[in-house]
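What follows is a set of structures to go through.
Below are two complexes that have chain A in common, paired first with chain B and then with chain C.
Here is the complex of A and B:
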């Protein structure tokens, strides 16, 4: 290695990070092009950078960091995606995770963000791109759905919530005058998320948590609303029409626009639609989906 | 003349706050002197972890201990992260904010490990200038811990105690002396832990850590998964004598037992404040449990879902 006046901490850190996070292990890391760019060194001359100890060689010592790197992050992913890990089995889950960690190494101070691209990674690396193009729904879709569900549950758990604040009551909706009705905007609570799946992964997740050892289900669309009450994540299955309505509401559309648009697409008789709406408003307020009502004209919340 | 503990109080015997103990602590209000939190588990929390912390902070002194400051890295400091630390410290009345003498990543990446820095004049200057920036921003002294390490560098020209001493004298930062880490590193790097302690400027030590580790035959790994072994308690006796009493905290991060067990372990420290010996016989070696041997820091909070 160089004389001390040439000492370059950045170079050493780039080299060390490259070596210990190399998927092929320390020796492959040292030989890798990236590491060689920093230090042209072979494992048998590693002592120029890393000292040996009485008991261990330089390579063995550096290997302790190498072993820990993927093991630590894999453990974290396993905790973030327990149902996905079960569905894949340990070996395959670790294999997918290892690929993922190489494509998306952590760039955050927090481990909580480690799994943020996992569903996207599964989509990007799916082995069946051709069948997919032909409209087939298959195993990769199931995995992507499951990863999406687990990731969203984690986000809702520690994200913003409305604990300690009042939520919108059904009486408040019922008290709105007919003239105001189409103009108002329902303000969703900050934890509300709606998810559309090609597989019934919510049922699968429930069975997994009940230790019922579920098998991969046959595909069928499933729509789920997630929110948080009393610091616990709640999962509620919703109907496709509810999903469409909530989708528009979450975009900030006025109730008049929401209903007009969705009713037109739904091909449900208007009378029946009105009845369903009433049921759903009841269901949504019980589940505390909304925090308040506002009117764009008044610019103030309606109590 | 420096005040003992840089003027900080001796908080007594504390326990690292872990989510598995939340229900017990909220229900029983155990008579533990203080809690240390892993800062990264709370600075972004808007759910149960933060809500629980707020309740605990009403009853107990809180200290913030971080794993992502990366004071030794050549990447720029993350001021967004510092802003969050500062905000949480003010909201929980944190007594001090600590992290490690280490780097965690470079080129925008985070390895989530506490990687050692070569110990020489260059890195000392680099670390000191970053400590000063952080202290200016946080408006309080930073407290830095000696990490457990598994390698030493050919480019090191000084011992860890020399580095720590120069660092605290130049910046007036405080030291968090992890007694288990001194022991782990002394075995891994073939030095005498008593010589190390003999050179520590005790008036600048604000806090100490105790923890268990795993013996891997040829080296030790800082796993935080068990009881404190007798040689570490003997070193603690020395630290207690040198500091004249110091805020002491037990870290237990893997295979975490019930709260009472963790609390009872840190209370054993009292035995080493007098010239007593433990009553349940000394544990002389970290027991390997067959679980994955991983150095901390792991910090993951499992969601509650229905």
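Here is the complex of A and C:
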């Protein structure tokens, strides 16, 4: 920058950050209201702020930082959505990513949140929105499902967990009388998430991770439960009825309400439904889906 | 047949089955058939420290103190020095990330529905190669 009595490093830093991170590119960044607030300058007078070098103009020099900024964000998104990048191909994935970054510029100090709207972006920009509104399932759903799965895996990995805390113990249940069982509330572990997909993206993701080079599958509903134990994310395919039960549990319903609501949807004989409930609740407890139990007497969870 | 209007005995049977499952589950630790365990995609990545990740210091290769700094992600990979060409830096033209944007100065990021169009083209190619049928492209 040329010597100037009004030189203000803070202003210059704010201006430069605004310009190089502008989704429309350097020139649009310079012309933006935010940048103009710091320095009222046009691209053709940029040399007042950024000197040119022997080989590059001021805009070109600044552009290098703009490119690097977006390159890092792209790399970050590729790491968040590796299976989606594989499904689309790197080049096309980058194209979607750049559109995404224009629509949802990075707003957080943490790059961990960068991909948070990616699935929503795909949903909002899908070219077949009318068909989808009519309930038709088509190939864009596959990409959206895959983005949703990958983002949730990353969030479960990064989010709160139960590591270092005691898991649900038999003594907690034994302290509750059978008459009160219907009123107990199973507290889900903080990492538990359930997901409903139109395509079997969990299988696709598994094959991708096993480097089996999967192809886009035919649509079929798939229900997945995710949780984390010992800092490792676990993926478990579940039945539609399991999904409905866990959905109610995650809403905080009592055990009795959960069973009553879902039993009304279950098209199975009573005996069989009882067996399934026993089997599923055992599996979920083993998988540490629950962290504690609230009973009617205790307002706070029993630990 | 849907299980509407459960009587008291039926309801108690189902509740007992669920609680019995929970009790049985507490006796067994951890391994569930069908559960798929992956090494975290973040652990397998090259660049694991991304800004304010609270577990940043615990990641593979991440025994640093970079939480809160946000600057240690891919610290040495994409640095355009001086007058080099920034091929691979992303953002320009039809091949973002693979362009040679030397001398262009700015990478105006394309914004259109071109990505979806190209995705559709790739999808059709894949479906044809696999001998699968597919519907017409949306009108947009």
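Operating definition for what follows: the second predicted complex is superposed on the first by the 241 of 303 C-alpha atoms of A that agree within 3 Å, B and C clash if a C-alpha of one lies under 4 Å from a C-alpha of the other, contacts with A are read in each partner's own complex, and residues count from 1 in each chain.
We adopt the following convention: a contact is a pair of C-beta atoms (placed from the backbone, for glycine too) under 8 Å apart; a residue touches a chain by one contact, two chains touch by 3 or more.
Just so you know, these numbers come straight off a predicted model, no measurement behind them.
Look at A:62: by the touch rule set out above, it reaches both chain B and chain C.
In the superposed model, A:273 makes contact with chain C only, not with chain B.
When the shared chain is aligned, chain B and chain C each come close enough to touch A:71. Legend: residue contacts after superposition of the two complexes on their common chain; A:49 is shown touching chain B, with no touch to chain C. Between chain B and chain C, C contacts the larger number of chain A residues.
In the superposition on chain A, contact of A:178 is made with chain C only, not with chain B. By the touch criterion stated above, A:16 is placed in contact with chain B alone, chain C being left untouched. When both complexes are overlaid on chain A, the residue A:260 reaches chain C alone and has no touch with chain B. Of the two partner chains placed by the overlay, chain B and chain C both lie in contact with A:232. In the superposition on chain A, A:105 makes contact with chain B only, while chain C stays out of contact range.
Residues 53-56, 60-62, 64-65, 68, 71-72, 75-76, 79-80, 108-112, 153-154, 157-158, 209, 231-235 of chain A touch chain B in one complex and chain C in the other. Residues 23-28, 53-57, 59-68, 70-72, 74-76, 79-80, 82, 88-92, 94-96, 98-99, 101-103, 108-112, 125-128, 130-131, 138-140, 143, 150, 153-154, 157-158, 167-170, 173-174, 178, 181-182, 184, 186, 202, 206, 209, 215-216, 218, 229, 231-237, 255-256, 259-260, 263-270, 273-275, 277-288, 290, 293 of chain A are the ones that touch chain C when the two sit in their complex.
Touching chain A in their complex are the following residues of chain B: 40, 43-49, 51, 68, 72-74, 78, 81, 103, 105-113, 115, 117-118, 120, 122-123, 126, 150-157, 188-190, 218-219, 221, 292, 294-295, 298-306.
Across the complex, chain A is touched by residues 1-4, 6, 10-42, 45, 47, 50-55, 58, 70, 73-74, 77-80, 82-83, 86, 88-92, 95-98, 101, 103-120, 122-123, 126, 130, 132, 134-135, 137-138, 140 of chain C. Against chain B, the residues of chain A that register as touching in their complex are 1, 4, 7, 9-10, 12-14, 16-17, 20-21, 47-51, 53-56, 58, 60-62, 64-65, 68-69, 71-73, 75-76, 79-80, 105-112, 153-154, 156-161, 163, 209, 228, 231-235.
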